[in-house]
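Shared between the two complexes below is chain A, which pairs with chain B and chain C, respectively.
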Partner chain A sequence: MSRAFDWLDKRYGLTPLVDFLKHKEVPVGGHSMVWYYLGGTTLFFFASQVCTGLLLLLFYQPGEATAYESIRFITTKVPFGWLVRSLHCWSAHLMIVSLIVHMFSTFFLKAYRPPRELSWVTGFVLFMLALGFGFSGYLLPWNELAFFATSVGTDSMKAVPGIGDWLLQVLRGGTDVSAQTLYRFFALHVVALPLITVGLVGGHLLFIQRQGMAPAMGTHVARRGLRFFPDFLLRDLLLWLLCLILLATLAVSLPYGPGLPGVEWELGKKANPLAPAYPGIKPEWYFLWVYQLLKEFPPHILGMEGPQAAILLVSVMLGIWAAVPWLDRRAQRDESSTAFSDLGVAAILFVGYLTLKAWDIGGKGLKVPDTFAVARATSIITVIVAAAIFALRRFAYQHRFFLLSGAATLQIALHGFLRVSYLNAGIVSVLLIAAGFAYLRLRPGPSVPPRLGVAP
Partner chain B sequence: MPDEGCPLKKKRSRRGFIDIMLGLGFMGSTASVVYPVLRYLKPLGPSGAQGPMKLTKEDQAKLEREHMLIVRSGTTRILVFEDGQQKLRALDARCTHEGCTVQFVPGESLIWCACHNGKFDLDGRVLSGPPPRPLAQYSCTREADGSLVVNTDRKKEEA
Partner chain C sequence: MIALALLLAAAIEYSAPLKQFVGAVGKDGKPVLTQGQLHTLDGLPEHTRELLSTAIDNQIIGSAKHLGILLSVDMPAQSLALVAQDNCVLCHTDPGNVKARSLFSPDPKVSNSNPLLNLTEFVNDTHFRQGLSCSGCHGGTPKDESMANEIAQRWPSDPGLRHADRTWIPGFCARCHSDPAFMRGFSPAMPTDQLVKYQQSKHGTLLLGEHDSKAAQCVSCHGVHGIRGAKSRNSKVYAQRIPETCGTCHADAQYMAGYKNVNGDPLPTNQLAQYKLSVHGKALLEKGDLGAPACNGCHGNHGNNVAATAVAVASFSQACRTCHPTNASLFEASKHKKAFDEHQWPACEQCHGRHQIMKPTDALLANEPGALCFDCHAKYSKENLACGKTAAHFKGALTQLGEGKAELSGTVEHLAEAGLDVEPLTGVIGELSEAVVQTRTRVHSFDQGTFDSAATPGLETLARGRKLVADARAEHGFRRKGLLMAIGSLLLLASGLAFKIRGLGSRASDDEKRP
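Moving on, here comes the complex of A and B:
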């Protein structure tokens, strides 16, 4: 062992690297410790995707006459083929769950504040790429559900101003979803996206490596550090083992997913472009909020077609999310910025409500569920969650800023309890936000909320 | 580097010229890579027959059995159905909202898109739901020999 090390050390000078690893530390900041592991679990699930994806590739054949059949062959004939596919599907969902929690935890810890803006931005792009993985992989089995979900999902491309039609055709390889689309998505899914992702993960990790992890707000240097090697790494490995156990248990016991809409991968019928769409065509769960938003928009609004306006709104919101490091001025000065914590809560309520609604919770399992019953049942759930988060923030963290999450809750309550249309309720909420900010600006005294709510 | 002096100025302009040439060369080589790629990505135009389309025997049998049928002509999908008065009609089968394939609901004399619950009347006009535009109409005629022909290139005049 040490002979081999000497041999390599003489040639490549490893000693500085080892010294570096010996001294690398992770800040220990009380409660925030847990969140430092979520990037690692995301990486673990990505690695599983690469391994299981490679195995699927040995049998999968894209093509109108072969894609569906080859997946059928994998799951019914190839020994443990069902397991490999189940692992790939489960790990895809778990990776996105882990990624979302990771993103929100760095958001609430304000880990995006200088000098870590680019960690946030690369992370945001990685999130988009993960969504791209899910979207492109969904079509590969060439079954009915995937076919229609992809038709609807790609159609929103036409909303891009100017080049929308061109983009739509390039993505689909024609005016409609066809075998051409399958080839393009396959190339994206197994070559383009993995290469870009690996490159960006490299950048993301390099930035984090150079800067260390963000210490808790208000503490410039961590008082105490945990040695990265071996203490943190061993904990990480233990967690990966737990992730593997979780993944394997789920993949073995529910090989076709838990059966919730958007979280299932029963192969079903082969895609037939000449069959009419049927109710219950839904994209994967992480796209459901956009799907539901498209449904809430009327045919025409503000001189635009409904879908165009909805996609514009989603783009603006994602743009704001990506630019948060530059928008959050107080966090830049290392002051607590409860307004941005509130923005995060509002985002969770907004996206969460739409997702629950897309699940038709409270719809009593009807073919075409009663929209009012669904709106009411999902509003009750969301308002209870909002109240719990409010109580936690108000009393445990002494937050004082609730304008955005309050407005999001108001919209949900108006829509669910008073049957105001979703968009009109949204307009009321936006007016409330505008009035709130105007008040904060004009009010005598400090124009921004006082410095409260420093995380313990 | 000093800024004055005739020879230097000359040198600078020569340098500027080289810079411009280099820049142009760089842009040219980039364009010569990007343009073919963009053209490669853009799909080929629609292929296959357009114009009046005769339904096959199987299609016709299916239409009689299920009162509706979706056929493809070039890149369009067309919904052919039999309305209450035994009249044959044809509409574009692509929902104008997000492009799902619509269907005919015989019981309710309705064209329905299951994706977001869009509803159209039998002339393709939007009744409710999110679709922003009506479905295009095509004419469908029964020939003397009993076969059905869908006229795909000429849309029926708006009444």
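Moving on, here comes the complex of A and C:
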């Protein structure tokens, strides 16, 4: 073994790399270690995607006459083909879940603060790419649900100002979803997106290896560390094994998903472009909040088309999210910034409420549920969650800034309990935020900007 | 409000006669035309507004109120254009011109006029929509400005005379409807033999032969001023409305008193109630299956007949045969045909009933008290033991097929939820459903060999389905065992790793203790 290493070392100079690994440490203390493993679990699910995707590629044939048939062949005739497809689908959803938790943990720990801005930005782009994987992969079975969901999903591209129609044509390869769309989505899913993703994952990992993992707030350098190799890596490996057990159990027990709208992949009927779209088609769960937001907008608003305004709002929100390392000045100075923690909670409440509403929680399983009953039921759940988060932040972390999460909760309460339209409730909340910031800016006090909270 | 009305008038550029009515104000100081009526007027094509303007100019539309009545009726612009050119309609819709009893009104109850003079119904009448208006039946021309003598002669003003003797109605409608050349100009596909059929029908012989004006004629079923095509849901002869239309008379015991069957019994009036409970009634009225027969499905439309004589018995079975040809053919070739003919029993009706035909069940098949076959067989075929065995054989096979199909259908959903390939099983269930239908149909042969020609393949299909279920369950078991083994191996590996990490953890602590 050592002779082989010597042979390689002489040619490729491996000793510095080994020394780097020997001395690499993961910062310990300040906050729970569990958040450091979420990037690893996301990577594990991505690796599962690559492996199962390759196996599916052995049999999958894109094309109007072959896509559905080949998936059917994989799940019914290929030995363990059903398992490979189920693993692929489950790991896709688990990867997104892991990614979201990883992203929010990074956000709340302020790990995006300098000098790790690019780690945040590459992570954000990787999140967008993961959504792109989900969207492009959804159409590939060429079944009824995928076809109509893609029709609805791509249709929202029209709302992009100026280039909407052109973008729609590029994405679909024509005016309608057709075999051309399937070819494009296939190329995106198995060539373009994986290439970009592998490159970005490489960059993301390289940044982390160069800079190390972010220590807790207020400590530029961790007081002590855990050796990366083998201590941290073995712990990572153990977690991956547990993830594999979870993945296998879910894939075998629920091969078509848990049966929730947006989290199911039963093949069903083959797509028929001439058939009328059936009601109640919904996108995958991680797009549901955008889907619901589009529904909340009227056909025309502020001289724009409703969907256009909704997509603009989503773009602005995502833009703010991506630029957080530069917006959070206090975190840049390694100071507590509970206002941004509050922004994260507000984002969770905003996205969570819309997702629950899109799921028709409280609709009693009716095909056309009572919208007020749904709004009310989802409001009750979200307000309870908001109250629990408030209590946790106020009493466990002594946070004192709740303006943004409070405004998000107010919007939900006004809409769900008082039947104020979602947009009007949103306007009231925005006015509240503006008034709150104006008060904080103008109130008499020290000349230095007020501390918005206490460090956790 | 007035200013708004004038503003609208200015925007549209009304002609002078229209402008005068648009701006008209009532005694209470409010505009006569409502916002809705003005909106309707604005939405009309210019040509239609010109026609209304001409009618106002000619004083046929006599007041703003009269114009408002016409604009308040929900009708397309084309219909309003026809109304504006028809002096009969225009005069008879003007409350200032005719008495209430001859006034066409959008709501006769409000205007206290004759319920048959409903303007909304009239403008939707199929005849009116094709350009045949008042003068088509009553005489005169749409351009006449007063009631001509010809009209009065043709249409006696005393309604009592018209109502007492209705024998004139079939011939009156037939002037057009029995003329193929004339009808081709309106509805080329419509038959023109209604009068001939009606004359031969029971209704026709009562009305035309016995001058019984209580017997149904054209308007009894089709209505008067709001006649729609039979495919219109608002038509009294739309498939789903036929039972109620026939029931208007036939379910009215008082109205039907005195009418008798050919055997002299009073004509029953429970047919409608029975039909609603029947498999046909439920299919048509509850499930909306327009292919299911209503009264006319068996009795015919215009040439209705009563199934009572020996000839009619045979024709009655022919009515069933229209939709159930295989059952009828099998019965024709069976042993029962001869026996039924000897007893002059109607074929289908004898077992299935007449108006209250229920969905047959396999439980009916047995030669024992309470079963369908028993009453006749106990009386006429007591010594033939083979009949009982045949019935038991039929029932046994059908029970097996029915229970087997239910068993497979219940299993398939469970297997699909477990992620197993159920397409072959779904195919088998489809075959089995067809086999059950075919086997039940062959009961009408009353022959074991013919019956088995469908039952045996059905039972083979059932066995194939059960084998598929067993295979799928075995596959499911294999998957679960495989998962358990994989989880076991992974947990073992994870435990080893956990021990290793624990060892490393203590060593790391030792490292920390060093200075």
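Quick note on the criterion: the second predicted complex is superposed on the first by the 443 of 456 C-alpha atoms of A that agree within 3 Å, B and C clash if a C-alpha of one lies under 4 Å from a C-alpha of the other, contacts with A are read in each partner's own complex, and residues count from 1 in each chain.
Rule of thumb we're sticking to: a contact is a pair of C-beta atoms (placed from the backbone, for glycine too) under 8 Å apart; a residue touches a chain by one contact, two chains touch by 3 or more.
Source: prediction; values computed, not measured.
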For the combined arrangement obtained by superposing on chain A, do chain B and chain C clash, or do they fit?
fit
Pick one for A:235: touches chain B only (first), chain C only (second), both, or neither.
second
Which partner chains sit in contact with A:53 here, chain B, chain C, both or neither? Use first/second/both/neither.
neither
Quick check for you: in the superposed arrangement, does A:226 touch first (chain B), second (chain C), both or neither?
second
Using the superposition on chain A described above, determine whether A:86 touches chain B (first), chain C (second), both, or neither.
second
Does the superposition put A:363 against chain B (first), chain C (second), both, or neither?
neither
Once the two complexes are overlaid, how big is the angle at chain A between chain B and chain C (Cα centres, nearest 10°)?
50
Partner with the higher number of touched chain A residues, chain C or chain B
B
Which partner does A:244 reach: the first (chain B), the second (chain C), both, or neither?
second
Once both structures are overlaid on their shared chain, how near does any Cα of chain B get to a Cα of chain C? Whole angstrom is fine.
6
Identify the residues of chain A that lie in both the chain B contact region and the chain C contact region.
none
Within the complex, chain A is touched by chain B residues 41-43, 46, 70-72, 75, 77, 79, 93-95, 97-103, 113-117, 126, 129-133
Complex interface listing, chain C residues touching chain A:
417-419, 421, 423, 479-480, 482-483, 486-487, 490-491, 493-494, 497-498, 500-501, 504-505, 508, 512
Chain B-facing residues of chain A, complex:
148, 151-152, 155-156, 166, 169-170, 172-176, 180, 273-281, 294-295, 297-300, 305-307, 368
Touching chain C in the complex: which residues of chain A?
75-76, 82-83, 86, 224, 226-227, 230-231, 234-235, 237-238, 241-242, 244-245, 248-249, 252-256
